[in-house]
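Take this structure, written in structure tokens, and hold onto it; I'll ask about it next.
Going by the order they are written in, the chains are A, B, C, D, E and F; count residues from 1 in each one.
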Amino acid sequence: MSSPAFAEAVKGDPIVFLPIGAVEAHGPHLPLGTDTFQPEFVVNAVCERVGGLIAPTINYGQHSSTRNLPGTIDISFDTLRALVMDILDALRRNGVRKVVVISGHFGSVHRAAVKLACERAARQGMKVMFLSDYELAELRAQVVSEGLPDGHGGALETSRMMDIRPDLVAEARTAGEFVSMDFMVRADPERCLPQGFGGDARMATPEKGRLVNQFVVERLTELVRRNFEG
Amino acid sequence: MSSPAFAEAVKGDPIVFLPIGAVEAHGPHLPLGTDTFQPEFVVNAVCERVGGLIAPTINYGQHSSTRNLPGTIDISFDTLRALVMDILDALRRNGVRKVVVISGHFGSVHRAAVKLACERAARQGMKVMFLSDYELAELRAQVVSEGLPDGHGGALETSRMMDIRPDLVAEARTAGEFVSMDFMVRADPERCLPQGFGGDARMATPEKGRLVNQFVVERLTELVRRNFEG
Amino acid sequence: MSSPAFAEAVKGDPIVFLPIGAVEAHGPHLPLGTDTFQPEFVVNAVCERVGGLIAPTINYGQHSSTRNLPGTIDISFDTLRALVMDILDALRRNGVRKVVVISGHFGSVHRAAVKLACERAARQGMKVMFLSDYELAELRAQVVSEGLPDGHGGALETSRMMDIRPDLVAEARTAGEFVSMDFMVRADPERCLPQGFGGDARMATPEKGRLVNQFVVERLTELVRRNFEG
Amino acid sequence: MSSPAFAEAVKGDPIVFLPIGAVEAHGPHLPLGTDTFQPEFVVNAVCERVGGLIAPTINYGQHSSTRNLPGTIDISFDTLRALVMDILDALRRNGVRKVVVISGHFGSVHRAAVKLACERAARQGMKVMFLSDYELAELRAQVVSEGLPDGHGGALETSRMMDIRPDLVAEARTAGEFVSMDFMVRADPERCLPQGFGGDARMATPEKGRLVNQFVVERLTELVRRNFEG
Amino acid sequence: MSSPAFAEAVKGDPIVFLPIGAVEAHGPHLPLGTDTFQPEFVVNAVCERVGGLIAPTINYGQHSSTRNLPGTIDISFDTLRALVMDILDALRRNGVRKVVVISGHFGSVHRAAVKLACERAARQGMKVMFLSDYELAELRAQVVSEGLPDGHGGALETSRMMDIRPDLVAEARTAGEFVSMDFMVRADPERCLPQGFGGDARMATPEKGRLVNQFVVERLTELVRRNFEG
Amino acid sequence: MSSPAFAEAVKGDPIVFLPIGAVEAHGPHLPLGTDTFQPEFVVNAVCERVGGLIAPTINYGQHSSTRNLPGTIDISFDTLRALVMDILDALRRNGVRKVVVISGHFGSVHRAAVKLACERAARQGMKVMFLSDYELAELRAQVVSEGLPDGHGGALETSRMMDIRPDLVAEARTAGEFVSMDFMVRADPERCLPQGFGGDARMATPEKGRLVNQFVVERLTELVRRNFEG
């Protein structure tokens, strides 16, 4: 899209989708870019349904518990917040008023950074929606993990990736434990995930993934319509 | 406690408790200091049981959804993080190695600020525990609210305050609704709580509060012992 | 005080008092919280006379010369400035226009931090008064120390504490020397106070303390009236 | 690539390539992502020749002269510097020692931000190479623009894009003037490029682009080998 | 002095003098650079006596009360602190271990900024002395102002400038009042000096100035010798 | 110049010149202050021709390649940017609308810092011109170095200094090599200048310097007139 084409598109008051990805260890069976593939897939599908523009993905996020695991490339809270702030500022200067920020990663500190940037944009007059596609996917977690505990890199995420990028999911898959930290904040927080992921990845299937992804896309489409078209 | 008495106490490798309070609107029936009274009560009771020192309370926190309500005096994410960092640094310089940080307020951005400060201290070698007493109290929420939704300033918090400071809880109490924001980040986030609190405060009783507070104190005592004495 | 009660009170354009305390070594005879007890005492007394609201105390300050002494828990210049700025901002957003900031600690860098925050608030339209109760107490220093040099934790502060919290003042008291630093800025600035305080604490009496505290309260009452009611 | 696969790859002391893209107005004939497509193309080709890993692209840059043109989504100097610093830090923590940072955008302030981040990494022991593929392409500028002045979005960049992504280059192309700013720093710096680009885009051909791109890839391959294998 | 000559000089472990000046309104009879001329004069004279190197002057300072008066060009607390920190860091990297920082301006916030920078250098192992020549000059204030109140731009400073740069002192001189601010922090702090200076400038004479300047030089020479040669 | 004289001068909407110097190694034959002497000389001469005021020099700059050479006293990017921002802010508050910022040092990161500060001032309504006198001098480089490569501390700068301050230029002069860094960002960037300067300083003469300096002054005078008087 060229500069004049963008200027023309903005006149129609479009929704701009801003995907936030991550480079994060997701166990031995999932790629480091798992949290990038998922929101990009969702954003593309939703954008097809409701229209709008897609901004280039922010490819890095903030990570706490997986920070020390090989392959996690994290950026700080401050950097992430500044990055989202700057992009929202630039979109606003360009006349964009409606933004949907979708993060693949669901860490609490990561989301706090993005949320603060979004709050600031809201106070400056933008209509901003912010969520993780994981929040919606999780509503279908029980179906996928059949009542067992599931989490980071578990059955839910593995299923979704088997639908989106089956070529990047390893055949050999195991189950990952959860170890409670009992509220201790540790220098080695990854010990809460001894296998580097949590949940039984053997329960994952592409069919389950398709159902979850469809649900996420439909639910988000509906939410975006209600929030921006109402 | 004088300077030499403190120096002497530190030789015993004591746990230092750092309560974090808040000045935040909690509806018409609860005082602005609700999130200060609760952790101070808990810290005093736990400290009696396990020993240790209590640092002066941080009286201000970060607030998102209640920020615009009368009486909320919030400090920024950065200020809160810096404050906890500085205090932990100073404790470490003083030879303190074990800290329990307890926040009354349970906001996600607020906790992210405190968590980042605690992570840094952990990487510098301190043993740090961080939680909100609300996280423990919530484990008893069902008993108090009898299956109804409950939240900020609702039946749980009101009951606890009726046990701790009954003189500060108003007799006239109503129920507060929750309005879903559908993932929109707004300049007027308080519209999620039209009455300024959420849950049915009429269900609160001092007896329920006592049970919850006892549970919180016992559970925390147990966790502290396991984390620091094990 | 509840949220609606605060909203109502603000309509009357009240003065809000913000006490700033400290956790600082004050020799073997005074508690670490000496600089918290003093301004809280003064604020309570003045508020009784002129009305107004009292904000929760900031319990930590910035310290230079006593920074390395056991028990001093200092926060940085930047943190203190940010904290006061944020609280003044939040008060202003709440409709408060008149603030009296009273610090117990009288360090020059500490005061510079608070002053910068107050200057900013003044430029944003607030009426802000800032002083240390020590500045007023010092006007009666000669009476207390009878012409001898006096200072941090000396006869003046000890007397005041004997009036405010006699239970926290040790019976055994000595005299503390001053050693000139000759303008050297050192990594061990506490060597200017070899005993951890300066002045002859043996000269302290509760009667002297009462006279000084009365003077401080009366003088401050008068200044507050002149500044805000004139 | 999964977490264990990454850990394995790092053992071989690989070069990691970090492409920096941009969202910037490049006249009516080129896409906003021009400065992303170019370095990604180059990095892929060079990585095929010398081996190594490719980190996800930083999709946003800092812009001065084109900042006000439609479609430019710029981030600040500080954000860009922090972003590159954080990524280099995380790579270092992961055991990576050799990094090639390649920026499509060639703005002087943009490069200063990246350079400072690279200098810091170098002082921490990493071997860091930083350049813009434009710097190499420019060595062939004369061949493309046949002695006429050329610049941002001109014959050189258009030719390169006609080789890389011909589908994104508009057929209708004109020439863009340069207006000297005479060292004035202006709020409307885009007036130096009245057409939004500089140079005669009509002179661009895919053949010229291929020659330039080949030259850039070969030259960079040679430089990387000399710097990291020597 | 060339780079190799500097390297040679540093081998002798010299004292480096760093003068801090200011651009500040000093009433109608004194130049804006008054606080630059004074410390430069003193530094030159002391350096002649004790040897050492003189770093280029920092020509700008932080100003509170005179900030709004015509001609005051102030920099912020943070900028001043960073500037002194950076220069001390660079001197340390160059092998310099002894520094005397002399500020002409005597504002409390200004000095706090410089002091924090010096404290950091001291903690990094440098021997740092910091004072304002005004602090020494003031010890002779009574002689100059004959018991009358004197201050910013008054008899003391005017006398000193009549000795240092008589050509820059206006013949027409009056007396400036002091108005007490009663601890109010105001947006128009200059109202404490209605004439833009304080004290009776008519009492100034070059002879008084010479005596004061000689005293300052001798006293500082003595202090420097004691602090660095002892 | 006194405060009232400055206020009077500002009424005439004068150009204010702000020279930026440096303390930087320039080889064995030139003084550390070379980049201060040059812009001060130029500013004085241009100001004589076009009128205006001269602000005190910023005596320190940011340095990359010469940072580790003896005598270079560098300040950080952030400090330099803040310093120029603060001074431009203060000038604007004083009613100044036209500023010419002239830096002796020509480093790319250094200039980026100053440029960002100037861009901000321009967006706030000031008319700001920013250049290095070196940029103009370089237009005559060929005449001086007779076609040979020349650079930092080489024939051009040496000639200029022989015209401005011949007493500070050493008689013994040699030639300095350039070593290409091949785009590596190094912790020892000074290895690009093994002799600490680049170019043949033996080719320098005071006559060449005079011609260059005259050219710079005339060209800058013309540019200033065109930019501010047109």
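Details
Convention: a residue touches a chain if its C-beta (ideal position, glycine included) is under 8 Å from a C-beta of that chain, and two chains touch if they have at least 3 such contacts.
Keep in mind that what you see is a predicted model, and the values were worked out from it rather than measured.
Where touching is counted per the definition, the chains common to chain C and chain F are E. Using the contact threshold fixed earlier, the set of chains in contact with both chain A and chain E is empty.
Of the two chain pairs considered here, B-C and A-B, the higher C-beta contact count falls to B-C. With centres computed as the average of Cα coordinates, no chain lies farther from chain D than C. Farthest from chain A, judged by the mean position of CA atoms in each chain, is E.
Taking the mean of the C-alpha atoms as each chain's centre, chain E and chain F sit 27 Å apart. Remark: chain A and chain C have CA centroids separated by 49 Å (rounded to whole angstrom). Counting partner chains per residue, chain E has no residue touching two or more of them.
Chain-to-chain contact here is organised cyclically: the chains close a single ring, every chain touching exactly two others. The cyclic arrangement of chains, taken from chain C and going next to chain E, is C, E, F, D, A, B. Remark: chain E residues 1-4, 6-7, 10, 21, 23, 25-33, 36, 55-60, 68-76, 78-79, 82-83, 85-87, 90-91, 93-94, 170, 196 touch chain F in the complex. If you check the complex, the residues on chain E that touch chain C are 64, 77, 108-109, 111-113, 115-116, 118-119, 121-123, 125, 127-131, 135, 182-187, 189, 223, 226-227.
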